[in-house]
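Each of the next two complexes has subunit A plus one more chain, namely subunit B in the first and subunit C in the second.
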Partner chain A sequence: MPLFSFVIRRLLQMIPTVIFILIVTFVLVRMLPGDPASAMLGDRARDADVNRINHELGLDRPLIVQFFYFAERIATGDLGNSIGLKVSVLSLIMDRLPVTLMLTALSAVIALALAVPLAFVAAFKREKLADSVIRGTFQVGLSMPVFYVGIILLTVFAAQLKLFPVGGYGTTLPDKLYHLFLPALTLALSFSAVLMRNLRASIINVMNAEYVDFATAKGLKSRVILLRHILRNALISTVTLFGLQIGTLFGGAVITETVFAVPGAGRLLIDSIYGRDYPVLQGLTISLAILVSLTFLLTDIIQAWLDPRIAR
Partner chain B sequence: MKNLITAAFAATLLLGTSLSASALERGGTLTYARYADSLFLDPVLNDANVDIWILSNLYDTLLLPTDDGKGVQPGLASDYKLADDGKSVALTLRDGIKFSDGSPITAADVAWSLKRAARKDNGIWGFMIESIDDVTVDGDNKVTVKLKHPDPAILAALTVFNTGIMPQKAFEASAGATEAEKAKSFAEHPIGSGPFVLKSWDRGSSMKLVRNEHYWAKGEDGKALPYLDGINFELIPDDATRILKLSSGELDGAEFIPYSRVAELKSAANLDMQLYPSTRVQYLTLNVRPQIGGKDNPLANPKVRQAMNYALNKQAIVQIVTHGVGTPQTSYMSTATPMHTGDKPLYPYDIAKAKALMKEAGFENGFSTSLLVLAGNQDQLGISTAAQQMWSQIGIKLELQQVDNPTLTKQYREGTFMMRNAAWTDDIADPSEITSYFVYSKTIDALHSGWKNEEADALFEASQKEIDPKKRAEQYAKMQEIYNTSGPTVPLFETPYPVALNKKVHGFLQIPLGNNIFSKTWKDK
Partner chain C sequence: MTASTAQTTMSDGTKGLVVRGLTTTFDTTRGLAIAAADVDFDVAPGEVVGLVGESGSGKSVTLRSIMRLIREPGKVSGRVEWGGRDLVAMPAEELRKVRGGEIAMIFQEPMTALNPVLPIGVQIEENLKAHTGLTGSQRRARALELMNIVGIPAAERRLDEYPHQFSGGMRQRAMIAIALACSPKLLLADEPTTALDVTIQDQILKLLLDLRDRLAMSVVLVTHDLGVVAATCDRMAVMYAGRIVETGTVAEVFARPHHPYTRGLLGSVPRSGHSRTMLQSIDGTPPSLTALPQGCAFHPRCSFATEICRTDRPPLDLIGAGRRVACHHHEEVAAAEPIL
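Entry: the complex of A and B
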């Protein structure tokens, strides 16, 4: 059971990572200039009001005391209450994070659906017209900023052709997927460009490998060669890249959510930074850190499955 | 000019009424896009415009602001009388008024709500009713607001969101051990007596209001207001998306249309681009302390500040930043603020005069200074780059520092900034609020500028107790004269509220104080 012990080992490794992130997050958010009370009350704040609110929030206590209080609550699963929104951080995250997850998952699916077949076409038609067209188109997708692509897609497909709603978020699952399609496509365009280029290069590499020549010489069917020998081996580096890019995808979601008025965690994160809403900022950073760590774990497991030597 | 604006405003209102009288239709739900979500729907404990501007739809007040935002009209109180000595207000509640849950609004609820709002250290708005000493119940439907001293702004204060009437029993029965916790749970499902009731709130996405079946006011058809069955607020922070959604017919209205898009939307066939008069002013605040961080501060010299004012071409800035939608300021307070004086723009562009003043002040060769800009705010960036170029003509080297809001606020509050961009909107139909922040040194050091004028301070203190409107207007005229000639700001322009509506929508109003009034809004089927 090398895979099982590998997963356990990697899960245990996550614990110090999360603790480290906890400390860094706590310190970093407090190093930002300004405090929640000033951010909340804005220009008109009087000193007495600011001091009163900071006292109510316990922000006038020594940092180390604040940290132990915070750690104690985290240990019991309590992320505290949002300073600005006055509701529990956990409920906010449970409300918003699934939206962002669905958006990123959908865009990952779209990106793969675009990248994998087109990478094969480009690799097999290397340096021919089809290759140039595919690579050229993806290059344009990669070069355009996310918000710009978003506005173009919205203007053409939603406002003019009326094929999709202009932003927002649905109520039922099919409705939600319908609302999320354009934002997911926006994110997927640049993501798939990165994946496609990488996969194309790996396929070309693998195609030149001796074991592929050997498989061909053995008289294996081309479909078997393609799936079992070429794709499987070419995917290893793409899976690594895919895992690493998930973090970037979350970053892109922040902008996409604003353009498409999607109530996800990205916008919550931005608002909590501008509002110096420490509990929300801490809660979200920790949740995202755990998610990204889990994505890396999943990437490792898939890699180990693709290439059992990695798990040893 | 002011009369012209008032006349145009009155004509618009009249036109609106006559149109609505011809084809009024009840029912339907209005979908309205907001740029940011509300935070906390408690009239007393909120602290942002995103709450303030919609609170009046949920919580009714004893008195209401007039549509021009300058006067007072009856609200939950059908009758009100300020005592001759100015030290108390007697109010009579309307017969049969109810909260949205059907329970009666009692004089006890009114007394409790006002005392809660006036309590020191409860929220940040108490200063507007700091004169309230006690509120007594004088019968089933009569209350008396007793004041510590005569307060000329008390009637206007009773129209402000923080004096919204709440049901004492329902509030006290809300979940939570402390009052703050009760306020949190109450504000999740508020019970008020405004024209609408909160039905659901999906934070960061949408807020649904439905009509309050118990609302007291009657419409033109003699039946109870509001005309609409409900309002769906959709949260769309991106300007371009908000406009796309409105143009495609998915929305009935959208707020905060960027100035650059106003002309385009005015010519759109299906849209009604409205510019509602407002109390919003945009200005730069200068730190006038003699020394900042151990260095001599040229901005402390009033002549330098005057020179900077003359060297800025405000008309050009109005064109660049507001695409002609704004107008240069004629006083530190907006023309829509009561007791505003001044009929011509402050400091007309005059570069020769600016250079002469710089020379007189001993800064013939100019100096270097900096200006804080809120990162990502296009208006502030436009203003600041224009100022950078215009001031270079009098030798001022301006460094622009783009920072986020809490960073800006920190430097501002600590008095370590040199200059900053800012904007202001009144919350009360009285000049005292803006004046207490801008002029009076004891509130926040005159916008944290360190400016102090003994005469202005004394005038403000006297005006806070002056119940003769004529004398008070004279005090305000004097304060404006002092501040506009030697104050710590560079006044730029005032702008209306740009709201775009579908042509099907009628009777919507955003008053100069910012309140969105949906009670008389209706739409064609």
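Entry: the complex of A and C
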């Protein structure tokens, strides 16, 4: 079972990654200009009040002490309480992160659903009209900023055609997916453009491989040649790109959630930055970072499954 | 050698493979490359035909053209008759059934012809799935049987392994197993034994001859090894710069080559004793396919060449039953002293 031991090895490799994430987060959050006390009390706060709050939050202790305190608590699953909202960070994150996760997953699915068939058409009609149209359209999609695409989609499909809600989030799963569709599409467009370009090039490359000729010489049905011999090999490089781009996708989710008023982790993140809500900011950064490295792991596993030469 | 089988025809009256005027060109940046020109040859049921010639003479292109595997922008014209039907003009679905089922091909490079991400077993079984109604377990059993036939040890385990886990020789055999999976009526074998050592080469060739006898399978065998031709083929065709320049039974061609190029190839082969000798290199280099010389393409390297060779291309003339040669001076060549 080379794949199994490969997965175990990759899981173990995540431990140092997580420790590194903790250190970086801790340092970054403290490098932000301003401090929570001033943010809470306003510009004209008295020094005594600021000091009292800093003391209550443990922010007057040496950084290294703060770090170990921070690491110890995180290890026990305690991410502290939000300074602004006065509730536990963990419950906030558990409330908001799944929304972002769903948005990201939905947009990844949409991006793939757009990219894979169109990449095939573009590759097989290379340098013909269909190829130019597909590539031209995606080029435009790729060069437009996410928030701009979001506003256009919002104006056309939600405000004017009233096909989708203007914002918010539902309660049942179908309702949630319905609310998330436009933001997910917004997020998916530029992502699918990147995937499509890569997959098209990759398919063209694989199509010319000898083993595709051999598969043809075996008299296989064209569906088998397309899916088993061409797509599978072509996806190997696209999966790598997919993994590398997933961080960007989370970043895009933050912006999209703001445009569509989706109550996800992205909005929470922005609020926590403005409010100097260190515990929330820390908690979110760590969760997002771990989530991204988990998707790296997942794409690695998918890749090892696609290409047996990797898992050795 | 069982040359007599060459005369038999299949009960349903098909004539095996008939290739007429097969021409394959590639539009390259340096001009039109004529990789195969006016190729004519027949392969009767149960016959083994050797196709020999220097590197780049168009042997692989000819096999690929027969299987209609030449991609755009390559162009193929001419006729390839199989069972009375023309493969060149055949509709896609009909052609799919012929490929792998009735006509199978062994590629020259097993390293690149096998799909790197699929287990060998899958690559054998998908062939069976495309052409037979066997169930999953029957396909597995047949795959196992094929692995044993081509001499891959530990077949059960190896079915689940990937090409990169196979050695060169094992890959070669795996490819032969794939090609033979559906018991084809015609096997196009592009140097099937080059990567193998002599004993295994003999085993594989014996296997092919055995299948020929049992299934009346015809074989077109591309090889550099004239010893292999002598040992396994009924008839042979010699290619030079994309054209067939001489055909005949192996015995006739070896005994009395009528083309100076064939004569050159045979030059180093001892008439008796050691049979295994690679093609002898002939002085000079083959011409560029985009700038073939006027007249006979071989004339710049030919010691028999005269004025006519520089101006007129010799046609592939019939000089006896099943014996053809394309040379203005073939009688002179045939009468010349053996080079030995």
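The criterion applied here is as follows: the second predicted complex is superposed on the first by the 311 of 312 C-alpha atoms of A that agree within 3 Å, B and C clash if a C-alpha of one lies under 4 Å from a C-alpha of the other, contacts with A are read in each partner's own complex, and residues count from 1 in each chain.
We take it that contacts are C-beta pairs under 8 Å (C-beta built on N, C-alpha and C of every residue); 3 or more make two chains touch, one makes a residue touch a chain.
None of these values were measured; they are calculated from a predicted model.
Label the relationship between subunit B and subunit C on subunit A in the superposed model as either fit or clash.
Partners fit side by side after overlay.
Once chain A of both complexes is superposed, is A:G58 in touch with subunit B (first), subunit C (second), both, or neither?
Touch status of A:G58: no partner.
After the superposition on A, what does A:A261 contact: first (subunit B), second (subunit C), both or neither?
First partner only.
For A:T216, select first, second, both or neither according to whether it touches subunit B, subunit C, the two together, or no partner.
Touch status of A:T216: second partner only.
In the superposed model, which partner reaches more residues of subunit A, subunit B or subunit C?
Between subunit B and subunit C, B touches the greater number of residues in subunit A.
Figure out whether A:D307 sits in contact with subunit B (first) or subunit C (second), or with both, or with neither.
Once the two structures are laid over each other on A, A:D307 reaches subunit C alone.
With the two structures laid over each other on chain A, which partner does A:H229 touch: subunit B (first), subunit C (second), both, or neither?
Second partner only, subunit C.
Between the C-alpha centres of subunit B and subunit C, what angle is found at the C-alpha centre of subunit A, to the nearest 10 degrees?
160
May I ask you to decide whether A:P145 touches subunit B, subunit C, both, or neither, giving the answer as first, second, both or neither?
Touch partners of A:P145: none, neither subunit B nor subunit C.
Using only C-alpha atoms, work out how near subunit B sits to subunit C after the chain A superposition, in angstrom.
Superposed model gives a least subunit B-subunit C C-alpha distance of 48 Å.
State the interface residues of subunit C toward subunit A in the complex, per the touch definition above.
The contact residues of subunit C facing subunit A are 64, 67, 69, 71, 96-101, 104-105, 107, 109, 112-119, 126-127, 130-131, 162, 164, 175, 178.
Residues of subunit B touching subunit A in their complex?
39-40, 47-48, 121, 124, 127, 180, 184, 187-188, 202-205, 234-238, 240-241, 244-245, 247-248, 250, 403-413, 422, 424, 437, 443-444, 447
State the interface residues of subunit A toward subunit C in the complex, per the touch definition above.
Contacts found on subunit A: 208-211, 213-222, 224, 228-229, 232-233, 236, 306-309.
Please give the residue numbers of subunit A that touch subunit B in the complex, ascending.
32-35, 38-50, 52, 56, 84-87, 92, 95-96, 151, 154-155, 158-159, 162, 165-169, 258-261, 263, 267-268, 271, 273-276
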